[in-house]
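Dropping the structures in below, format is C-alpha cells.
Common to both upcoming complexes is chain A, partnered first by chain B, then by chain C.
The block that comes next holds the complex of A and B.
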C-alpha cells in the first residue's frame, strides 16, 4: 500500500498540471505572464519582436464557386489523380458564410491540394455533394450537416449521424446555443427508416426526395449501443437475408462529447488534454499531432531530443495498441486465454509509460514545445529489456491464436476489401495497408525522427481479416526495430523549449498529420491570431473504418461481423469526439 | 440504546484503514434503525457473505475507463480474486453496473434502460471523473454531469482513469455495503429514483387523476 501511495503522488501531480480544470488553468497564463513580466524587468532591453513567418504547415485552400465545385473535384480526382479525400472540415466563417475545406492527397504523386467552398446563405445553406466521387465523403458530409446544418445537394442520405434525430440546432455554429435548446431527454430515441435527399432542379429550385434506408419487410437486427464486442458504444442496424448481411447502418454519437466545440473556448495548452481522451490507445500520437500542428504554426523550435523521445513514445504506444487489438480480437472470438497473454505484455509497456509520464493510459506527456518531463533514468534500460522480451513473446501469439486452425478458418477470406474500396473509403493505417495501399504517413511525409530511422512499411495484398491481423503483428516487430535504432542514441538537449507564457498562433489555416495506431490522425487548425483556436478539427482514424463496415460486411455471415469489426480495429470515442 | 455496529470483515484491509467510515456507519445505523432479530440476522450474514463475494458486473464501458477495467480483469490485477470476474453482457444477469466512462445525452436513456432491466438488488459504481461529475467535459453541451443525475450511485471511484487499485478498492467498499444489508425479516433500503425526486405530490396526484379519467 505504501508503495502505491508514493507512486500515485507524481501521477496526481502530472494529471493536475495537464487536466483542463478551467479555473487553475485559466489563472495560470495570467500568473505566468505576471511572473515573466517581473523577471523581464531587470533586463536591459526587450528583444525586438520577430517578424511573423508563416508556419510550414500552413495551407491556403483555393476557393471554388459552388456551381463549379463538383466538376472541379471530378477533374482533380480523374486528371490530377487525387484519389484520397483526406478530410472535409466544416467551418463557420461568420459573415462570409458556412462552408467546407477539402483536403486531397494523391497516392501516386504525393501532391496535396486544398479546396474551399463557401455558402453565404446561413438560413438554407446548400453545397453540392462529392459523395459520388469518394465513398468517404458520404460520412464526412453527414458530419458537416449534423454540426453545421449545411445540406449537400445530391447526397442520398441527409440524416443526423452523431446527435439525436430530434436534436434542435447545429452545435458547432458560432451563434448556436445547444444547451438551451436541448435539455437532457430521457425517452428513447426513435430512429427513422427513411431519409431526405435534396436536389437542385433545372430552374434552380430545391427539390426534396424521400429515400428509403430500410424497407418495411426488411428483417432487422440491432447490434449495440450497449457495447457490441470490446470496441466501445456504437449502434449497428443490420438488415439480414437469412444469415447473411444485406445492409448495415451505423449510428454514432453515443460517446460524442463535443470536444471540438470545447476546444474553441480553451487556450492552446488546455486543448492538449482532450486529445488523450479521444483515441486513448493512441494518446501519445494524437497529442503529438496537435503539439506538432501548433509548434509548426507558431514557429516553435523543438530540440532533437524531444523529437527522438516522441518517436520512441509513439512506437511504444503503437505496440501497446496493437497488443490490445490482438487481445480484444481474441476475446471477441472467444479465445480468453490469448486475451490474458496480450494483457500480460501490455502491462510491461504501461510500466515504462508510468515511470516517465506518471499515467498508465492517459499519459499527458507531450507539451507545446517539448515534453512534460524528461525521460526517467530507468527509461532506456527498461525499453532495451523490453525489446527482446516482446520479440520472444510475440511468437506465443502465433502459437496460441494466429496459427490456430479455428482462428484461420474464421479470418481468412472474411471481410475482403479491395484496394479501390479502401482508397475511396479513406481507410488509412494497417486496415488499408492490408489491402495493398501504401499510406504510411511515416514514410510518405516523415516527421519527428522517422526520417532518420530505417524501417519497412508493412503492406499486404489479400485485404481480408487475416491480412489485417498479420499486418498489425508485423508492425509490432517493425516498431521494435525503430525503437532499437533510437533508444541508445537519444541526443542530449532540453526536453522543453521556452515558449511565451500565452501561446498564440498567427492567423491562418494549418494542417498536420501523424501515423496513429490505426491510421492517419490529422489536425486541422484555423486561427484568428487569438489565444484559443477558431476551429480545431481532427481527422478521426476510426471514422472511415466504421464507415467501411457496410461494404466489408455485405454478403458475409452475421457471426463473422465481430471478426470484421475486430480486425478493422476502431476506437469509438475517437470517432465521436 | 444504540446497537453496537458489527464490522464487516474484508480480507487484508482492517476496518480502520477504509476511508469514509462515517458514511458507512450512518448507512448501517439507518438499515438497522428498528433493531434486528438475532436468528434472522445470522441468516442474513450468511446470505450477504455469499452475495458480496460473487458480484457479477455488467460489461458497460463507454470510453477510456473501460480499457482500465479490462486491465483489472486481466492477469496482473486479477479481479477474480474477489469473485467479480463473471462479467455479464445482459443486464438481467448482472448485480452491479460499473459505469466506466463518460455518459452523453444520447447514451443517458440507454443507461437508464439498462439499469431498469437489472434485477434487484442492484448496485451502481461510478468509475472515473466523467461518471462521477462529467470530468474534463463538464462544460460540454452533450455530457451528463455525473451519472447520479440519472441513476442512484452506491460508490464513486474518482480518477482519470482510476488506477486498477482504485477499482478494486471501490469494489471492496461495495462489498461492505452488501454485507450490511438485511434480507429476511426487515425491509431493505430502497433508494429513491432521482428522476422522480423533484416531483411534488401534486404532480403525482395529477398523473393519477389523468389515468383515472382515461
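The block that comes next holds the complex of A and C.
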C-alpha cells in the first residue's frame, strides 16, 4: 500500500530525494509514505508554526547532586508522596557526562516531578541507587548500566539485562562502536550465578562485593527462551523446591533490536515505523504516544477528527489485545476451545483494522500531524455492528471459562500482588488496577478525545490472577462504551495536518504518555533541535510486569506460574525494544 | 420374526461358530501345535492392524470433533473432508529421525515407548468385540485387564527417568502420582460391577447383560454413579484433558515425552489414542452391555430388529459414543493443577466410589436390581 502511494505521487518522491537525510534502506518505504502523506494532502489546517517555542509537554528536570540524590529521592517519596517511579532514562550528555532522568508521578496529588543526576566521570561513572526506594528501579538501573555503563552504588545486582554478559562496551553511549568491539560470537552464552554489588566505603573508595543469584544446590528449571507459554522469546531461570517456586530470574534481550539506538540516526517520521514492532498488541497506542510527543513538542496541531479517530483506534486495539489476553490465558490453562472463541472475535477487530489501515498486526496508521489515510467508508458501519456482537459474545467467555470451577480454582488467590507491591513495582495498566491502584492515564491526564467521553476506570482490590482477568474483561466493555459514544460523532475535518517535509523538534526534553493495552506507554524525547532525536526512550509497558513475576510467583506452584504470567500479560518485543 | 430366524442370526453373529469351524479345518491340514501357532500369528496380526486402524480413526475423529467444538472446520484439504490427513501425518512421522540424546539413558529411553504400547495392546486384546469374539478371556479377566494396563505407568516413569531432562522428569512424576491414584477409583468402580455380576470373566459379564439387561439399568443408582466416576477417572487414566497435566504443554512443553522424536513419539501418541478407545471400550463392556443389542421389554419387533445388527457394530458404536463423551469433556474444561487432581481423587472420588461399592453390595444382597 505504501509502495503504491509512492508511485502515484511523483512529487513526493522528488521531495524525498531532495531531503538530504541519509536513510537506512529498510526504512525507506515507511519514511517515503510519511513524507508522501505529508506532502500529498491538501492543506486545510494552517501550516505548522516555526518550531522555536518548545511544546507543552516539555519537561525541565531538576539537577540534583550525586551525594544528595538518594536523600532527595527519599524525601520526594515519603514527604511529597511521589509513590510512582515512572521511568529512569539513561542519557549520554557528552561533555557534561553520563546520567539519568527520573520521572516521578504522585498517585495522590497527580503532581509530576523530574529529577536529573549526572556523573561527569565517563570512565568509571557511579550514581547512587534508588532501588531500595522503588523496586522497579532495580530493572531500570540495570538497563541504564547495560546500555551506558553507569554503575549504581548499593544496587544488589549489577548484571547486564538485555545484552550478552560477555558484551564489550556500552552501545547507547555516543562514542561506543558496538560492531567493532563485538564480532559475531559462535559460542553459547553462559549465564553466571553470581553478581556484583558496588558500594562506596567511608573513605570514599569503591568496594565490590559478590552476591549470589542462585546457589549451587538450587534445583533449576529453565522456562524459555523457547517455551510455549512465555508468549515470546523470554528466558526465566526458576529455582524450584519440589514444585514450588523459590526464586526466578528473568533474562531478557533475546529479541532486542536496539530500536532506541536506531532511532538516534532516523528522522522523526522514520522513527514511527518501529513503534508498531514493539508491542504488537498495542501498535496503535504506542504510535499514538510517539506522534503525540512529537506533535506537542514541535507545536503541530491535529484536527478533532484525528483525535477522535485515534481514540477509537486505541480502544479497538485495546479490545483486540484483551481478547488475545483471554485467549492466551485459556491456552495456558489448557482450555483450547475457549482460546479459539477469543480468536473468532478478534478476527472481527482485525478485519476492521485491515479495511482502514491495510495491515492487521503492523498497522502503520498514525502519522505526525494526523493519520496515514482517512477512515474507510465502511468503518463506521462495521464498528457499529461489532459493538453489539462483542457484547453478546463476551457472555460466552464467562460461560466457557471465567465462571468454570476449574478456572476459578486455578486463578483465585493465585499470584496475589498488594497495592504497595504494584505501585513500587510500577505495574501500570489492568495488572495494577486489579490491585486497587488508580493509574489509568486516560483518567489522570486525558489526551486525544478521552476528556469528552464518559467511561469508568475499572479498579478491583483483590490483586490476584482472577481479578486481573476480570479487570480486562470489564475493560473490553468499557472500551465498547467509549467507541459507542464516538463512532457516530466523528467530526469532519482534515485527517492530516500539513507538516514540513523535514520535521525538527526544538531543543529540549519532552515526555508524553498514553494508556496502552497493558499499562502506561510513555515516550521520553530529548532533542537538540536536529532532524533526528538525540535520545528517544520508551517506557515499556511490559518491563515492570515481567519484573514483578519474581514477587508474584514466589511460593506458588510451577503450574501457577502460567496463570500468573498469563494474567500479567506482557508482550516480549515491547520489553526487548 | 420367528424363533428360527432369530436363532439363525444369533448363531451367524456368534463368532464362536466361525472360529471353531476354522480351527477344525486347520486341524485337517496341519498338526495341532502348528494350527494353534498359525492362529496365534493371525490373531496377533489382526490385533495390530485393528490397533493402527482405530488409532487413525480416532485421531481423525478427535480433530473433527474438536473443530466442531471450536467453531472450526478441522482438516479439509488432504483428500475429501480431510480424510487422508491422518494418513499423511502417519507417513510423516514414520520418516522422521529418531534422535538419541548423548546424556540420556539409552536403554530405558528406548524401552519406555514399547512398554507403553505393549500395555495398551494387551488391554486392547481383552476387549470383547462380539459374541465369541474375544481374544483373551478367562475367569479373572477384569483383574488381568487392570494389571496389564498399569504396565503403562512404568513406561511413562521410565520415559521421564531415561530422558535425563527436567521437564520429562517432572512430567513423569506427575503422571505416576496421577495414574496410580486414579487406578484406585477405576478398580473400585470395576469391583462394583463385579459385585453386581458375580464374575470377573469379561465374556460372562457381557453375556449376563445380553440376557438380563445392561448393567447401567440393572444396577440403577449405584451403577450410574459408578459410570460417572469411571468417566472421570478413565479420562484421567488416559492422561487426557482436563487431566493432561503430565504432558501439560504450557509449563512442561510436552511432559514425559518432550525428548522423544519420530516413531518413538509416535508410540506415545498411538498409545494415548488407543487408551482412550480402551477406556471407552471397557466402559461400554461393563456398563453399556458390550456387544449386547438394545432391548426394551415388551417390544418384540423392535428387539428383533436390534438383534439383526451385528454385535461388533453394537460394541464399536457404544464405544464411540463414550469416546464422544470423553472428547466433549476434554474440549470443554481447562486443565487442573496437580494438587487439585490428587485432592479430587483422594478426597472425593475414592470415598464416593467406596460408598458406592457398599451401596451396590446392598442392592445385590437385597435383590433390588432391575432385571429385564
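What we mean here is this: the second predicted complex is superposed on the first by the 524 of 577 C-alpha atoms of A that agree within 3 Å, B and C clash if a C-alpha of one lies under 4 Å from a C-alpha of the other, contacts with A are read in each partner's own complex, and residues count from 1 in each chain.
Going forward, a residue touches a chain if its C-beta (ideal position, glycine included) is under 8 Å from a C-beta of that chain, and two chains touch if they have at least 3 such contacts.
Since this is a predicted model, take the numbers as computed values, not measurements.
Student: Could you figure out whether chain B or chain C reaches more residues of chain A?
Tutor: Chain A has more residues touched by B than by the other partner.
Student: Quick one: is A:340 in contact with chain B, with chain C, with both, or with neither? Answer first, second, both or neither.
Tutor: A:340 sits against chain B and chain C alike.
Student: Could you look at A:407 and tell me whether it touches chain B, chain C, both or neither (first, second, both, neither)?
Tutor: second
Student: For A:485, using the defined touch cut-off, is the partner it touches chain B, chain C, both, or neither? Pick first, second, both or neither.
Tutor: In the superposition, A:485 contacts neither chain B nor chain C.
Student: Just chain B (first), just chain C (second), both, or neither: which does A:178 touch?
Tutor: Touch status of A:178: first partner only.
Student: Looking at A:573, would you say it contacts chain B, chain C, both, or neither? Reply first, second, both or neither.
Tutor: Once the two structures are laid over each other on A, A:573 reaches chain B alone.
Student: Looking at A:106 after the superposition, I want to know if it touches chain B, chain C, both of them or none. Which is it: first, second, both, neither?
Tutor: It touches nothing on chain B or chain C.
Student: By the touch definition at the top of the document, which applies to A:163: first (chain B), second (chain C), both, or neither?
Tutor: After superposition on chain A, A:163 lies in contact with chain B alone.
Student: I'd like to know which partner A:496 touches here: chain B for first, chain C for second, both or neither.
Tutor: neither
Student: Where on chain A do chain B and chain C both make contact?
Tutor: 227, 340, 344
Student: If you look only at chain C, which of its residues touch chain A in the complex?
Tutor: These residues of chain C touch chain A: 66, 69-72, 166-167, 170, 241-242, 244-245, 248-251, 253, 331-340.
Student: Sort out for me which residues of chain B touch chain A in the complex.
Tutor: Touch residues, chain B against chain A: 59-64, 66-68, 70-71, 74-76, 89, 91, 101-102, 104-110, 112-114, 136-137, 139-144, 149-150, 160-161, 163, 165, 195.
Student: Taking the touch rule as given, give the residues of chain A at its contact with chain C in the complex, in rising order.
Tutor: Those in contact with chain C are residues 221-223, 227-229, 243, 330-338, 340-341, 344, 400-401, 404, 406-407, 409-410, 557-562.
Student: Touching chain B in the complex: which residues of chain A?
Tutor: Going by the criterion above, the answer is residues 4, 8, 11, 15, 19-22, 163-164, 171, 178-179, 182, 184-189, 225-227, 230, 232-233, 253-259, 261-262, 265, 273-274, 277, 280-281, 324, 327, 339-340, 343-344, 346-347, 350, 360-362, 572-573.
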